[in-house]
Each structure stands twice: as structure tokens, then as C-alpha cells.
Amino acid sequence: MNKLEMTDLIVSTRLEKGLSWETIGKDTGMSPVWLTSACLGMNSAPPEKAAAIAEYLGLGEEVAKALEAFPTKIWDQAVPTDPLIYRLYEVVGVYGETLKEVIQEKFGDGIMSAIDFSMEVDKIEDPKGDRVLLTLNGKFLPYKSW
Amino acid sequence: MNKLEMTDLIVSTRLEKGLSWETIGKDTGMSPVWLTSACLGMNSAPPEKAAAIAEYLGLGEEVAKALEAFPTKIWDQAVPTDPLIYRLYEVVGVYGETLKEVIQEKFGDGIMSAIDFSMEVDKIEDPKGDRVLLTLNGKFLPYKSW
Amino acid sequence: MNKLEMTDLIVSTRLEKGLSWETIGKDTGMSPVWLTSACLGMNSAPPEKAAAIAEYLGLGEEVAKALEAFPTKIWDQAVPTDPLIYRLYEVVGVYGETLKEVIQEKFGDGIMSAIDFSMEVDKIEDPKGDRVLLTLNGKFLPYKSW
Amino acid sequence: MNKLEMTDLIVSTRLEKGLSWETIGKDTGMSPVWLTSACLGMNSAPPEKAAAIAEYLGLGEEVAKALEAFPTKIWDQAVPTDPLIYRLYEVVGVYGETLKEVIQEKFGDGIMSAIDFSMEVDKIEDPKGDRVLLTLNGKFLPYKSW
Amino acid sequence: MNKLEMTDLIVSTRLEKGLSWETIGKDTGMSPVWLTSACLGMNSAPPEKAAAIAEYLGLGEEVAKALEAFPTKIWDQAVPTDPLIYRLYEVVGVYGETLKEVIQEKFGDGIMSAIDFSMEVDKIEDPKGDRVLLTLNGKFLPYKSW
Amino acid sequence: MNKLEMTDLIVSTRLEKGLSWETIGKDTGMSPVWLTSACLGMNSAPPEKAAAIAEYLGLGEEVAKALEAFPTKIWDQAVPTDPLIYRLYEVVGVYGETLKEVIQEKFGDGIMSAIDFSMEVDKIEDPKGDRVLLTLNGKFLPYKSW
Amino acid sequence: MNKLEMTDLIVSTRLEKGLSWETIGKDTGMSPVWLTSACLGMNSAPPEKAAAIAEYLGLGEEVAKALEAFPTKIWDQAVPTDPLIYRLYEVVGVYGETLKEVIQEKFGDGIMSAIDFSMEVDKIEDPKGDRVLLTLNGKFLPYKSW
Amino acid sequence: MNKLEMTDLIVSTRLEKGLSWETIGKDTGMSPVWLTSACLGMNSAPPEKAAAIAEYLGLGEEVAKALEAFPTKIWDQAVPTDPLIYRLYEVVGVYGETLKEVIQEKFGDGIMSAIDFSMEVDKIEDPKGDRVLLTLNGKFLPYKSW
Amino acid sequence: MNKLEMTDLIVSTRLEKGLSWETIGKDTGMSPVWLTSACLGMNSAPPEKAAAIAEYLGLGEEVAKALEAFPTKIWDQAVPTDPLIYRLYEVVGVYGETLKEVIQEKFGDGIMSAIDFSMEVDKIEDPKGDRVLLTLNGKFLPYKSW
Amino acid sequence: MNKLEMTDLIVSTRLEKGLSWETIGKDTGMSPVWLTSACLGMNSAPPEKAAAIAEYLGLGEEVAKALEAFPTKIWDQAVPTDPLIYRLYEVVGVYGETLKEVIQEKFGDGIMSAIDFSMEVDKIEDPKGDRVLLTLNGKFLPYKSW
């Protein structure tokens, strides 16, 4: 079973059972964002987590093995078109240099890792319109000289 | 004075005075991220903020006027090459579909605004390596039918 | 049933029944433009509208569910080639900066939302050649400072 | 005097005199959108309009001549990055096929001209947030067989 | 029957019957260039022409309906690679600005329509090598001010 | 004197003298299209023609030499944006395969040369709107086997 | 039988019979380079050559007909990635302007035809490493004025 | 003196002295193709050749040093537009796979070097039109396993 | 059996047998990197190595033949998206000019061959985090003059 | 002094003094590769190294400050054209997936850092042709789940 078949099976099972990503995450003790990325095939799951997800959804070992497999991360659109994803791309375009200035002023020359990294989504209720709170947490990696 | 000249003047003044973006932000009561984006020419400043920044740096009214001007937001690299900025682009590529799933599950069909939007950078000290905390806060905008 | 299958089924049913988008829109009390975009899979329909469309066309609940699903909005051609669509792209290219000047002069620094947005198509009969009237109506979103 | 020099001169004169595009348009009896596009160099002005604009701004015949010149319409960004302009591009991407369906159903096989074309911007005041109304009016051109 | 199936059927029927595009055009009283573009799916045929083509080739009403359908005109190669087509692209590249100068000098600011448009191919026999004569005939559309 | 300087000088001289490309072409016995392409720097002129053009405009030998120089033909926009030039590009996109069918049916496998090639622009007056007539005349070059 | 099926059949037959392109070329009296290009579907074969190739390989008339068909020459990679082909692309990039200088100095303003063209591959044995000799032979086509 | 200044100086000196690349090549005992590529800045010259070229043209040691410098080989157009250079690109596109087949059949798996490489241009006089003969000679480099 | 089928079969056999690339490499006396590239279809194997790999995995002669076939090396993403591969691309972008300076200073004008080339991967254990050691070994090829 | 001016000054000083990158590196106790990348402006130097380089070359504090500045790493060519750099790009294209397989088999799911990274160039003398040895050493960064 490859990652695509795995995702199709997990998504259809999830819908049949009426489970949200959030519920699955909470019940298995995993972050909903990370869990979703693993189920969509963009991250590999450690064996015990892969087994827990498969078991929770009532799916077999093949699904667990597919969750464990190391993915090749590919996206087709250099500039994404879906408006939700494009807005994130726009934030990188508009604020990229600003973030470089502010992060490097605070930490020195280096980057925020996208590997030793986690992310959460929260909802802030607001009578003028609810707000999305995205929190990105990445290890700072300093450049080294040699 | 156009935005490019404004940015050059602000940046050189900042360096001569030995002021960090963070210090300027704190002393003027503005977010360092927003302040930096305004000084780099990627956001316009409301008149009172434009005046406060110019005054704080000892620069004239021309700078305040240039800060107030509405910028045309242009970036040249559809895929950024600087590693710090690329990692943010990579996050959008790897987690874009995941964020769409999780946000739309929580909020319904719609997007996180990049206009009614703010962002902060924090440093989490950690003996295993400090961490960068990016917080993005955008209003949820639901699609409408008509 | 995914969005592609849904569109194929709706379009073939529509043609068999000899119904125009305009007729379906009028009979169901929805805007023909919005209704078409939902049936082509580029917008999700609220449950009651999804049910009304499916019922009107004599199609089952699966179609209603597919209409409700939140679409990922993807287009393949960064520069469209079909002449009708290209002319709209050309309008954006030729008048983009002009619209930025005129809108921001009228409203301040900000944008016209493409999410809180509606659009209509009208026909103006004219002996020298009928005219297409496109009306775009989007909420103005001001940039915020923070 | 080429179009770039003309635009620079008109824009700086306009700002010095504190005139909005709207005011200039109203006072000269021209549409603010068309007037702006001519002053930004994306449309040529008929001689009497060119003369009227130059005279109104107190600028010489050279400016009138430059307004009359036929422009080469060039834009550098196949996909625009400025958020205000990008949203218009997004509308073309999301609704392009929908508009093709609806327009051709109403008019037959053909296109909306971008040459025999006009456009207006209006402001609709709304306590929940003002709205931008864009009206595009183009002649329908039917395909011909031969 | 979609346009692709229609084209496949027409082309194979044409070859079986040993008919050239020219012969079909002459016998049905249509321009061979226009007829070919309709049969390749890049133009729609008015009902009576669609019926005449289908009847001439001994094909059924489905083919006539497919010929009538309004096509979405898509080409995949922004720069065509086939040498015959590339040479036409090269002519546009080499002579594009020249044609703009000469046409606009003769007609004023405007364009040659590609919609109200026809084209013919002729052969000029020449002992030094036959020559291809392409004739493009398009309505001039003047820009309008408003 | 390079081609760019040559074009600037010829164009400004032409405007000062109030001469159209057509007039220059007729008076010197050259095709206005070819003459314009040589003056815009996209074709080289044979020595006697180069001398005749320079003399007619009252320009020196340097201009004649620059007209004789063999140009490197470069265009920056793979897809042109100016509407007049884009419509020609669109014709190649829409009718490219059609022309391949019709030309190769008439002449065999081969191409229309863009080198042994000439082109004319004519105006057909028409009460319903004047028409542009473009005539392209290129030698047919058959593919060879070996 | 289309060109793709033809190529698959010829290539598998060739391998089963253990025939090299060189042997087929020599035995049929055709250049191996041209023969290969015809069998790969990038050139059409004159009827007698098409028949000879089909007969030599023991394949039927359908293959001969497919060899005769006029191909649409398409390549997907604007910049080829296979190292053997990339090196040829690199030669065009590094030496393109040089060849323009040297050829036009020798022949005047014009080009080397890629249509009235032939090419051969030879092997030069050399103890320090064998060498590939590519010979390109194309008719010179002078630009014409008109 | 950088390569650009060197090329400008060599080219203008060459034209003043009325020397062809061929003459310079013959008189200095170097291949005209290689000599031209060195003078255009796309190859470095060994010290003795650099000195010989500079001396022959009556230019100083700075030119010799600039000829010796190792160039960074850059070309801007992934797909060249000048017709002479494009035809070479087209040959790579049309015959790339053919050459791969024929070369690898003759030599085994590997490539023709573009570094240990030479090239010549010859003129074949022909009453039906002179022909350009390009000869490319590159060392065959076999892939290695390890 | 083509390369894709070969790779699928080898990979599934490898996983069923629980063999790592490293183990296969060691047991057959081949470099794991080279062996992997041959099994993924990006290099051809000499006959004896092809036979050894097929035999070791218990696969038939068809697999050996497919391993021997000369591949066409194609990659789809000019800029790779998978983070592991992108980091290598980034190294080329950041250090490309540096490597050119340092290699050409040490060796003269020329390049490191990617054909007469080998590469190894090693693991350096380190309590602060293990390190990847990539060793690239390519023959230096000097440019030649002629 | 910005990075470009710094690089120009360092490179011209280096050439005047006849110093190789290798010599400077050895004398200052820094890796020649890293030192070159800092001097070319693609890495920042820690203060003591920046001071040491400036002092060694007899340049002032401005150069030291410019060496310390944090660079924005930009490269213009997504696919590099210079043959030395292209060969490295080709290695990434041909061996990218292979390296992913081999590294992740050895280390688990993760990447080789391009930030906590060093690289060396060595020369291996060989009578059959010297060889370039590139050694890349990067920290392995495992993906984390959360």
C-alpha cells in the first residue's frame, strides 16, 4: 500500500465514522496538525504512532506500514492557487525580508528549522469575526564557519 | 522621497544609532515585526505612527510622508532562495494542504486573511538550542454564496 | 462522489433536461454565476442550497454532499489561453495599477476581498452590438497596523 | 517626453496640487478610471482630452503629446504579487470557466472585448464594512465562421 | 461525444474516404482553414454548417452536436516546438513591434481582432520553390476612451 | 553607433519631419513593413538600401552602417502582453495545428520559411468597421531525407 | 497505427532481431541518423523508404503508413536533462553567439536551415579515448529585403 | 579590464582594422571558431595564445590578461530567440533522442564531452545554394560503475 | 521489462527480503550509492554486475537485461521540493561560485566530470548529532583550445 | 560598504598581491572554501575572523564590518549555465533520489543540514587525469512528530 492509497483509505474511513482530525488527534494524544500531515502522506509516523492511528481507525497493519514509510515531499504548484494556501504564500512574500531582519537580529545569522519544527492551529472567538492563530515553532540553526 | 530611499535612510540611521528593530518597536509602542515591514516599505504607516517613527529616528517629515505612502508589494523570486525565507516557503509547500484541512474543519469553508493580520516573533530559550516562535493571527473570512 | 464526477453528472443532466444555468438559478433563487461556480466545483454550497440544486435536477444525496464539500481551487494555466478568459486576464494586466490607484484613493490602503465577494453577468442590448456587463462586488479590507 | 517621464510629472503635479484622480476626472468630465489609465501610460488620450488634462494640471504641450502617444502595454509579472491586484487575478482563476459558461450561454460563442471596453469603480457604504463595486462593460464579439 | 472523440472520428473517416480538407471545404462551400479548425475542435460550427459537415462525411447527429459545442481553446506550449508552428511564432517575435507601428500608423490606436477574423492559405507555384501565402483578415478595433 | 541608438535617431528624425513609415517606404521604393523592421533594428539593410534610407532622412553614414549591421534578434516576452501583438500570438495558438494540417496537405511535409519571407499590411475600408489585411509570403521548405 | 505504436513496434522488433540502427541503415542504403529519427517518429519517410524499412524488419503496411505520416515535432523539456542531450544544449548556449559571428561573416546575414539539413555521427578511434564526430550540414538561407 | 570591456575593445579594433575572425585565426594559427569564442569571452586563452591575439591586434597586456581569465559561462535565454541560434536549439530538440540512440549504440553508455571538444565551420559552395558545414568533435566519456 | 517495472520489482523484492541497499552493496561488492542508482534506473549496469544483482535478489534475466539498458536520465522538478534533495540544490546555489573559484584555482580552467564520477555516503557518529558525510569524486576535465 | 563593494575590493586586492584563496585560508587558519564563500558575500564571518581577513589583506575596518554582515543569499539562475556549476546541479538531479534512499536508510527520516554544514575541495593527483574530491559534511536532522 502506497501513501496515496493510504490517504484515500484513511480519509474515507474518517468520513464514514464521522471523525474530525481534531478528535482523532485528541483521542490518540497527537497534535491534529501533525496527525493530519502524516495521514495526508507528508510526514512519516514513528511505529508506535502509526500503529495507534491504524488501530484507532480500525484499519490494518498495511496502513500502519504505509504511515511509517518515509515520504518524498512533492508539491506541484510553485505558486499555490487555492486561496487559503495562497494567503500563506503571500505572507512569506510580503513578510519574508521582515522576518529575516527580526529573527536574525534576535538570534544571529541562521535560520528557523523546518525539520525540527512543529505547528498548531487555534481558533480565537471574536464577535467581530473569529480569528485563526497559527503558531510555528522551529529550532534556530546558526550558520557555522569552518 | 520614494520607499527605496526611505528604507535606505532609515536603515543607515538605525545602524549609526545602534538601535535594533526591537528597541525602536518597544520605545514607540509598536510591534517590531510590523514596524520593520513598514520601514522596509512593505506596509504603510498611519499618519501618527509614521510621524512617531520619523521623530524617534530624528528624521524629517519627508520620511514620515514616505512611510504613509501606500506601497505596491512586489517580490521578484516566486521561489525564494535565501535559506531563512525558503524554509518558510517550504512550510507552506509541505503543510499547505494540512492547514487547509485543519482550518476549514475548525472554521468552515473560508480562509485566514493576510490583510486583517498580525504576526510576532519570539525567542524560546532552550539548552538544546533556542527556538523561534512565529505567531500568525489572521481573521477568518468565510466564503459567501449569493 | 468527488467534485469531478459531480460536475460531469450535473452538466450532462442539465443538457438532457435542456436547462440553462440562468433558468436553474432563477428557479432555485440563486445567482446564476454563483450556482455555476458551485456546479463546476469551484465553490462549496451551504447544505440547504446543495439539497435544493440536487433536488431540482432530480439527482441524489450524493450530489448534494459533493456540492457541500469544500473545494481545493486549482487552475493549471498561470496565463489562460482561452480568448474569453484571456481578455479578463488582460484587463487585470492593463488596468491593475489603475484600479489600485483608484480604489486606494477612495478607500485607503487595503484590498477588495475575493472571498466576501459576489459577481453578476448582464446583457445590455445595443443595436451596434450587445454588451457584456460584469459586476464585481467585494468587501473592502483595510490593512491594519499592530 | 516619453510615457514614463509624463507619468512622473503628472503624479508629482497631482500630489503638489492635492488633487485626487476622482477630482481631476470630475472636473474634466472624464471617467476617473480611464483618466488614471491614460496618466499611468496604459492608454492613449484623444487630442482634445490630452490637451484638457495637460491644461487642467498646468502642464505644457509636451505632456499633451505624450498622453496622445499610442502605448505599448507591458506588464512584467505574469502572476501579480501586490495583494489588491492579485485578488483580481484570483477572481479570473476561480471564476474564469464560470464566466465562460454564463456569458456564452447568454450571448453565444464569442468573447467580451477588452478593447471596446470601459470600467468604473464605486464605493458602497455599509456599516458592516464598505464594499468595492467594479463594473466592467465590454462589447460582445461573436466568433465568425467563413 | 466530446471534441476529442469528434476529432478522432472525423480524422479517421476523412482518411478512410481519402478526402482532403480542401476537398471537403470546396464541396461544402466552406473555407478549408475554418473547416479544419472546426474539425480539430478549435472553433464551433453554426448548426447548419455542423449538419452539413456531418452529413458530407456520413457521420451522425452526435458529430454535428459536437461540432456545434463552444470549445475551450487551450494550447499547452507557450512556445511551440513543431518547426512549422514555431516559424509563425518567430514571425510574431521578429515582426510584432513592426506590425504594431505599421498598423497603428494606418488605423490609429487599436488592434486587429482575432475573433472577427478569417484566414486563408494559398500556394504560389514558383520554379525556384513554391511559396506559401497566408492571408489574415481581422476587423480593426479602436481603443475607446470613456 | 549601435542599433538602439540608430533606432532612437531614426524615430525622432521621422517624427520631427512628420514622415510616416508608409511615406518613407513609398518614396524610397521599399515595403513599409520591411523598412520599419530595418529601422527598428530587427533586419539588416543591404548597403544601397541602407544608404538610401539614411540619405532620405538626412542622416549620416553612421546610420547607414548601423542599418547594414546584422542584428541579433531578441524578444523578451515569450508570451507578449501588448494586445495588438498578443492577438497575433493567439492566432498562432488557436490556428497553429490547423495551418500545419492545411499547409502540409497542400505542399507535403515541410514548413513555411520565416527567412525567405515577406509580409504586407493593407487596409480594407468597410462601413461596418475597417479591416486589417496581413499577407505573409514565405518559401515552402520541404524536409529532406538522407 | 500512430507514431508511438509504430516506434514501440520497430524498437522491439529491432531488439528481437539483434539489429543495430547502423546495420539497418547500411542494409537499406539510408543514413543511420535519418533512419533512426524516422523510426523514433521525428521525421516522415518518403513512401519508398517507408516501404523498404517496413519490409526489411518484416513488418506490415501499417508500419509503412505510420512512417510516412507527417509528425508533429514536440519535445517536453525546454532544457533537456539527459547528460548526452544536455551537452549538445550546452554547446548551443556556449557557442551560439560565436557560431552566429563566424557563419554570418562567411555567408552574410542569414541562417543555417534545420529543414534542408542532414547530420552524421562518426567514431574516431583514439588511444587517449575515442572521439565522437558530429557533422551538421544545412543549407544557408539568406534574409531577404522587400 | 573585465571580459565585457575586453570584448568591446577587440570587436571595435577588429572592425577598424577591417579584419575578419577568419583572417585573425589564420594569421595567428588558431581556429576561427575557438578564437571567436575566446574574444567573445566564452573561453579562456592559454597565456601564449592570449599574448599572440593581443599583439596581433596591437592591444596591450591588459587585453591579454583578460583573455586568460577563466570565464563564468552564462546565457540568459533558456530558449534562444535569434533565428540562427534557435535553429541549432531546434536541431537538439528534434534530433536529441536520435543522437543518443546512435552515439550510445556506437560507443556504449556515455556522452560526448562539451569540454574536451572542438568545432569548425565550413562553407560548401553549391549552385542550388551554399551550405554550412558544422563539425563537432568531442571526446566520448563512458559512464563508470563503482 | 522497462526501467520502471524493473525498479518496482527490485524495490518490492528488497523489502520482502528485508535487505538494505547497504547490505546488497556489501554482499555483491558494489558501492551502495551506485547500486541504488542502477536499481532506481538512473545508471546502467555492466552485464556481469547486472547479472549479479538479479541473481542475488532471486530475480530473472529480464531484470538483468533491464539493469543493463542505457537510461534516459530525466527529472521533472528543475527546483526539487523534497527537503533532503532541496538542501543539496541549495548547497549548489550557495556554494556554486565558491566551488568554481576554489576548483579552478587548484586545477586551472575546466570542470569536475559528472560522468567519470563516483560518490559515497558515510555516517559520522557524534554525541551532538550524527553527521552525513558525502564524498564526490570526479575527474578534472580541462578546457582545450584549438 | 555593502557586500558587492567588499567582494570587488577583496578580489582586486587578492589579485594585486598574488594571493590564492588557498594561501589566504592557510595563513589565516580558515578553510579555503568557507573563506572564499565569505569573501564572495555568501556567508557572514564572525567578528574575529572578519578582522583577521581584513588585516591579512591590509584592508580597513569597513571591510571587516561588511564581512560580518548577514547576507541575503540570492542566486538568479534556477538552473545554472556555467558548466562547472551545472555539473553539480546535474549530480543533484541524477543522484537526488538515490541519496535520499541511502541517507534515510542509514539515518532514518530526516535531512542533511545545509546550515550546520562544511565542505572541502581536494586534489587527487592521478596519471590518468587528476581528480576533484568534494567532501560535504552536514549534521543529520531527524524529522520530529508532535
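In this document, chain identifiers A, B, C, D, E, F, G, H, I and J correspond to the written order of the chains, with residue numbering beginning at 1 in each.
Methods note: contacts are C-beta pairs under 8 Å (C-beta built on N, C-alpha and C of every residue); 3 or more make two chains touch, one makes a residue touch a chain.
No experiment lies behind these values; they were computed from the predicted model shown.
S.K.: Of the other chains, whose C-alpha centre is the longest way from the centre of subunit A?
M.R.: The most distant chain relative to subunit A turns out to be F.
S.K.: So what angle, to the nearest 5 degrees, turns subunit D so that its CA atoms land on those of subunit F?
M.R.: 70
S.K.: Sort out for me whether A-J or C-E is joined by the greater number of C-beta contact pairs.
M.R.: A-J is joined by more C-beta pairs in contact.
S.K.: Report, in whole Å, the distance between the mean C-alpha point of subunit E and the mean C-alpha point of subunit J.
M.R.: 56
S.K.: State, to the nearest whole Å, the distance from the C-alpha centre of subunit E to the C-alpha centre of subunit H.
M.R.: Each chain reduced to its C-alpha mean, subunit E and subunit H end up 42 Å apart.
S.K.: Can you work out the whole-Å distance between the CA centroids of subunit A and subunit G?
M.R.: About 49 Å, centre to centre.
S.K.: Using mean C-alpha positions as chain centres, tell me how far subunit A is from subunit C in Å, no decimals.
M.R.: Roughly 31 Å separates the two chain centres.
S.K.: Could you check subunit J for residues that touch two or more other chains and list them?
M.R.: 43, 72-73, 75, 78-79, 81-83, 90, 93-94, 97, 100, 104, 110-111, 113-117, 141
S.K.: Considering every pair of chains, which are in touch?
M.R.: So the chains that touch one another pair up as A-B, A-C, A-D, A-I, A-J, B-C, B-D, B-I, B-J, C-D, C-E, C-F, D-E, D-F, E-F, E-G, E-H, F-G, F-H, G-H, G-I, G-J, H-I, H-J, I-J.
S.K.: Which residues of subunit E touch subunit D in the complex?
M.R.: Its residues touching subunit D are 30-31, 34, 38, 43-46, 49, 70, 72, 97, 100, 104, 109-111, 113, 115-118, 141-146.
S.K.: Provide the residue numbers of subunit E that touch subunit H in the complex, in ascending order.
M.R.: Going by the criterion above, the answer is residues 79, 81, 83, 86, 90, 93-94.
S.K.: Under the definition above, what is the set of subunit G residues touching subunit I in their complex?
M.R.: 77, 79, 81-83
S.K.: Enumerate the contact residues on subunit B facing subunit A in the complex.
M.R.: Answer in residue numbers: 20-22, 32-33, 36-37, 40, 42-43, 73, 75, 78-80, 82-85, 87-107, 110-114, 116-117, 119, 121, 123-124, 126, 129-141.
S.K.: If we count contacts the way the header does, which residues on subunit F are in touch with subunit H in the complex?
M.R.: 72-75, 78, 114-115
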